[in-house]
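To keep things clear, I will list the structure first and then write my remarks on it.
Labels A, B, C, D, E and F are assigned to the chains in the order they are written; within every chain, residues are numbered from 1.
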Amino acid sequence: MLDRDLLRPPHPLLLEPVVRRALEEDLGRAGDITSELVVPSDRRATALLVARKPGTIAGLIVAETAFHLVDPSLVFRFERQDGEDANAGVGLATVEGPARSILSAERVALNFVGHLSGIATATAKLVDAVAGTTTRIVCTRKTTPGLRLLEKYAVRCGGGFNHRFGLDDAALIKDNHIVAASGIAHAVTRVRAGLGHMAKIEVEVDSLEQLQEALQLGVDTILLDNMSTADLRRAVELAKGRAILEASGNVTLDTVRAIAETGVDYISSGAITHSAPCLDVALDF
Amino acid sequence: MLDRDLLRPPHPLLLEPVVRRALEEDLGRAGDITSELVVPSDRRATALLVARKPGTIAGLIVAETAFHLVDPSLVFRFERQDGEDANAGVGLATVEGPARSILSAERVALNFVGHLSGIATATAKLVDAVAGTTTRIVCTRKTTPGLRLLEKYAVRCGGGFNHRFGLDDAALIKDNHIVAASGIAHAVTRVRAGLGHMAKIEVEVDSLEQLQEALQLGVDTILLDNMSTADLRRAVELAKGRAILEASGNVTLDTVRAIAETGVDYISSGAITHSAPCLDVALDF
Amino acid sequence: MLDRDLLRPPHPLLLEPVVRRALEEDLGRAGDITSELVVPSDRRATALLVARKPGTIAGLIVAETAFHLVDPSLVFRFERQDGEDANAGVGLATVEGPARSILSAERVALNFVGHLSGIATATAKLVDAVAGTTTRIVCTRKTTPGLRLLEKYAVRCGGGFNHRFGLDDAALIKDNHIVAASGIAHAVTRVRAGLGHMAKIEVEVDSLEQLQEALQLGVDTILLDNMSTADLRRAVELAKGRAILEASGNVTLDTVRAIAETGVDYISSGAITHSAPCLDVALDF
Amino acid sequence: MLDRDLLRPPHPLLLEPVVRRALEEDLGRAGDITSELVVPSDRRATALLVARKPGTIAGLIVAETAFHLVDPSLVFRFERQDGEDANAGVGLATVEGPARSILSAERVALNFVGHLSGIATATAKLVDAVAGTTTRIVCTRKTTPGLRLLEKYAVRCGGGFNHRFGLDDAALIKDNHIVAASGIAHAVTRVRAGLGHMAKIEVEVDSLEQLQEALQLGVDTILLDNMSTADLRRAVELAKGRAILEASGNVTLDTVRAIAETGVDYISSGAITHSAPCLDVALDF
Amino acid sequence: MLDRDLLRPPHPLLLEPVVRRALEEDLGRAGDITSELVVPSDRRATALLVARKPGTIAGLIVAETAFHLVDPSLVFRFERQDGEDANAGVGLATVEGPARSILSAERVALNFVGHLSGIATATAKLVDAVAGTTTRIVCTRKTTPGLRLLEKYAVRCGGGFNHRFGLDDAALIKDNHIVAASGIAHAVTRVRAGLGHMAKIEVEVDSLEQLQEALQLGVDTILLDNMSTADLRRAVELAKGRAILEASGNVTLDTVRAIAETGVDYISSGAITHSAPCLDVALDF
Amino acid sequence: MLDRDLLRPPHPLLLEPVVRRALEEDLGRAGDITSELVVPSDRRATALLVARKPGTIAGLIVAETAFHLVDPSLVFRFERQDGEDANAGVGLATVEGPARSILSAERVALNFVGHLSGIATATAKLVDAVAGTTTRIVCTRKTTPGLRLLEKYAVRCGGGFNHRFGLDDAALIKDNHIVAASGIAHAVTRVRAGLGHMAKIEVEVDSLEQLQEALQLGVDTILLDNMSTADLRRAVELAKGRAILEASGNVTLDTVRAIAETGVDYISSGAITHSAPCLDVALDF
């Protein structure tokens, strides 16, 4: 059961520019020429945002922002909240006000809710699949360019956790870094010599030998990339809690439970952000 | 066989701000702290951008822009071109220069190429499925917020065509507009009274009766929404070429050929932009 | 009689950035140093925006935006509406509130109203001159850089119609394109092969021979550039309604009626946007 | 004879954003769809920017910036310089390079050169009309929103001088300020009490009585608004060089010489920026 | 006693972008993760902005803007005003509303108030030191990049005056200009030939010989750089009020009164903006 | 001895917008009117950036960016590097090229170098004072609004380390958070429940009792605020290396060594960023 206090919806100062850009992209230079010509300016309407397929909802607060940016007089009422599950046909929110304004904001609002709910839904499936274990599902930096803030939020709505937000908020030493630095030990030493004390260090390892080396170096987190569940289980035994263990690679609905049952702390998935199909949502008048 | 002269890659003036924003999103405030600490500043590298799965490629020009924005001294060589198909394992491009710079731009470049190639691949599958008919596949406004320019380009790379770029470059009178305007005839009259002569008018119809009305009004294009193939075939007969016919709804790889064989001119799909899974691409050093 | 529902005033999301930029340009770094030093902060005033010369009004909604951006507490009341005619001395709007704020926004508000009303007035004169014919007056892309959205709106306020908003919302094949493509037929074929079905195609022709070729190609619109009225009349006969005909070149108040009486559908004028003198407006306290 | 060293062309850091915005406005979301489809990508061209009517040229450096922003490979050669006069038919500059790029930048480049040369030409006519006197022609803040930097430059190209660039770089106490401050003396005292020593103070007066008061207060400049030439002459006598005198109101080609001959130091004109018709310029391939 | 009507607080249109940028800098991509997780969303609080050390206050209006941008529902009450002195422990303002919002804006608000009050305090000390003389203290362009608007305001809050806001609002001919122009006379002639009549001219001189030359040229202001008080006194005698005299160089609390007593009109100090220590302010809940 | 490979100069993509904004602030609307009028356009110059006082240098790369943004043809040569110490009179860099361009960029370049070198110098003094201990000096979020990226870099140039870059890259639970959350334990639990595994958690404590509680909760870092050196020493003993210990409060050149000798890992100072006086630097021609 998701604790809604942990969702941390994006602050309006960070959210509004993203939504504004999307609206400008759709309005173009001339605006919504169809609605402005066809719909009388005093026509009012009430529309219901509905899920056409079942899923976990994310992005209602983004839709609210879109409707309010297009027309501050629109009244947006939440029928569901971000992070909740919804069956097909369920009403998620109502919008009421000038019909023109609702129509002008409709597509952008739906694009956000559909995209983000798709991510929340894909995340929730993985989270459900590992229910009962202590393993957490986390996302990656494989997000859609320009939407990282919102996609990380959608992952939280689906019950997942966030990895780094970017290249600058923690050190992640990958295989190519290790090669360039001539070994894990040297790489970790360099990072420790330059990094502040509030940034964590993670090292990606491909083998149990590398794992041993990383453990001895005392790094915060170790990324076990593309290991068999047998090796993962062995890694958990070797680590004895001395580092956080994160597994990645070949994470699907079919494999995720077995990976979780090895005892790793985190399983990271790029697919929940880069390949989740849109959730089908619509606006009914 | 795709005519590469018709791809119309985004103009640099329009492309660069999108890529710059994605890089800033990833670099954050402090930049790529791992690479800058771990990789010696004079270390050079050559990396190969490869497709891990087969697909139709789109976004190499975006990757090139990302690498050059991070470091103008990086040399980017195209091994394949946007719009070409690639098998798994095929090299798409090489990047050569300071290792730090390659690593700092890597994720953003891959995110773009993976996302856009996913769209191109999904489009190409529909295009291939209707091969031999005269029907064209088109996209919609159901795009990822902020990336419409690039996603429309990816559709072209997949052999598809573009519908409207936004609310302002053509009139599309949908069911809600028709209700608000009290009928198709009134809606079309209003649009004609206000619109310039260089913007086309499309009307969405749900039935053959509405189709007849739209045909009599002489609109440019008629959107046949969610009709059976039988009705679509009847619509083609009724239209007799007096309007462009576009079919939408329930368009999948399984259904698209049958829809095309009804003789409609265009089939529009939202899924090719909003639900195409990422194509798996990677950067090998 | 202008139908006010067809004016389509710019959406606030598109309008505000233009007005904000103009205010920032005038306020500079230090703001309105004179008013802030000279006018007591609690001094209130009521000012009347008046037309000093007769004309067709456009831009009152822009003035309202300017005053509200400078000070949301200012009360702006429309005495006239955009698109209406006003005699010299007529009050167009009143502004009430802190005198400092009114003075700080005054020049920017007047610059917009004067400039746009100048365009509306010039347009209205051409529109009046062709009254009784079926010919419509349209603008071009010869607009003041940065103000296209507003100038297109001013043209509508004057009873005119809009041509393309930019290079991307319709294809216009001009003489230089035809030369570069080795002929009209080839150019049209290329455009049809690449363009989506919702963008119209216009071809510029200089002679009746070219007109014939364009008609056979079935393009949407044909631009008859710099033709004599005799040739225009002949063009109308040849076209028989198969394409929209637009005349351009040497369009003045003296010539426009004769051009319209040839039966062309549209007459385009660059002068209404690039050379219309400002309408004299002022703010009386 | 204009001293070209005094023109002060806008610094590239200030100029480029204005031109970039104009190009983005014209390219829209999809770019120059006609040229990209019709013109082969390897077609090169040479085009000549010509004046179709005689005038004083301004904005060639803006055109150069536009062509280079669209395509850095374009070669732009000045045949004339900003600030020079040109007869009809004279070549102003040549552009050489990819035909597509030239076509895509053409309209924006011409819009700038036409607009700014129109201002330079209108200014030069006033300047010529007062030749032989010591009076200088200056512009006002009645400029086109967003283009003040460039229009002030165009005025210099026409031999004129610039008044304030905005509300913040000098104090100009107008009639409404005087009313709000309860008199000239009080207004000047307030300004002096708060303003730094590097900002000049100008007072607008409507009568010789007000002039006397302003002279006694020792302000830098006095704006004589809408005075008869008789009064202007008397004002010059009264001032005896104790303040710079600027005349405004009813400044036309017919009246400007008589105003200058009264001996005022400056004559300001709003019309040279807000009502100058575009100079007819074109690009010949 | 500071006349509060002369403070000219920055206009909201100019102030808000600066504060917004600072908030975005602190919120980063993910926002205030601590407060959002730790503080219940319905927890309200009242906080008191206090001075921990005595000083002259500046920036309360900036703090108000910061709190309102983070959360428009926060109620901000001024207990003191910008420009007033405060003892240690004095409450400057109260903020009331959601505790999360107060915490998220706290650091940015304090950074502004501390920095600007530091400048106001440093300025006020110099102003107090010259009390009773007619000399005014002015700032320079040696300000913190990006904060000039606010730092100039802080100087006014401290009782100082502002010099130029930038390179464009007055001419200041320095030693390097004089060398490049081959002499003061030539430099002044060039400036007069090109500059508008509303921009003042200041010349920097190092010796009494140069002063004589500048006086003969009739420039508005003369900057006496690094002169002894003996030379400054002599300069005042030589000038006889024909130009405004500004002294600079070696201005400290120890020297400033002696400099003022030479009779110079202005003393400029870079240290009040570039080296003023932060005033210690805090937010008590 | 500072390891220059650990400095991590800001990436150009992040640095350039900050410098561009500073230049636009100084150039204003009209640019450098003095240099453009006084200095012949073909005059070239070589200038030497020198330290007038001894200090640790930071910001030469910012100066380089400023000169290149103003004029890409300027040649900038480093005589010293960021992070190095310089005596008074030492040349830090030379700039060569058009004299106008050097003069136009001069003040912005100096403002950056002076400000950042002031921070580096203040940092280096604290670093030197704790030499021989294992304690590191770190900065805080008490930075100048808009310049955090650069000030954090200056701290590194002075041999210090960076704390959080903002509210989003680590959790820092302060006294007010603890009150709002009803205790340390609850606060830490909440953070752990919602935060990703790559963000560290720090808790601020005021007493040894709170320290004990924080240690038992196993947080990463503990901020010991305003404790006596006796208490700090006791804290180090209690912690036994189970958490990183950071001391803050009353950190001056006089106290810092004693604090370091208690054995704390980090000492944080706000003064090094918010109150460091500018280092006196100048540009000699």
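One rule holds in what follows: a contact is a pair of C-beta atoms (placed from the backbone, for glycine too) under 8 Å apart; a residue touches a chain by one contact, two chains touch by 3 or more.
In this text, all values refer to a predicted model and were calculated from it rather than measured experimentally.
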With centres defined by CA atoms only, which chain is the most remote from subunit F? C
Would you kindly state whether over half or under half of the residue numbers at the subunit C/subunit E interface are used by both copies, giving same or different? different
Recurring contact interface, reference A-B, options B-D, C-D or D-E [over half identical by residue number]: C-D
Find the geometric centre of each of subunit D and subunit F from their Cα atoms only, then give the gap between the two centres in Å, rounded to an integer. 45
Whole-Å gap between the CA centroids of subunit A and subunit F: 32
Whole-angstrom distance, CA centroid of subunit E to CA centroid of subunit F, is 23
Can you tell me which residues of subunit B touch two or more of the remaining chains? 5-6, 8, 25, 27-33, 37, 40, 104, 148, 162, 165-166, 168-169, 172, 190, 193-195, 199
Which label fits the chain touch graph of this model best, line, ring, star, complete or other? complete
Per the contact definition, I'd like the list of subunit D residues that touch subunit A in the complex. 25, 28-29
Would you mind writing out the residues of subunit A in touch with subunit F in their complex? 3, 5-6, 8, 136, 138, 156, 161-165, 168-170, 172, 190, 193-200, 202, 220-221, 244, 246, 265-266
Counting only contacts in the complex, subunit E reaches subunit C at residues 5-6, 8, 10-11, 13-14, 148-149, 152, 162, 165-166, 169
Which of the residues in subunit A end up touching subunit C in this complex? 20, 23-24, 27-33, 36-37, 40-41, 69-70, 104
In the complex, subunit B touches subunit A at residues 18-19, 21-22, 25-35, 37-40, 43, 45, 99, 103-104, 107-108, 110-112, 114-115, 118, 141-148, 165-169, 171-174, 176-177, 179-181, 187, 190-191, 193-195, 199, 270-271, 274-275, 277-278, 285
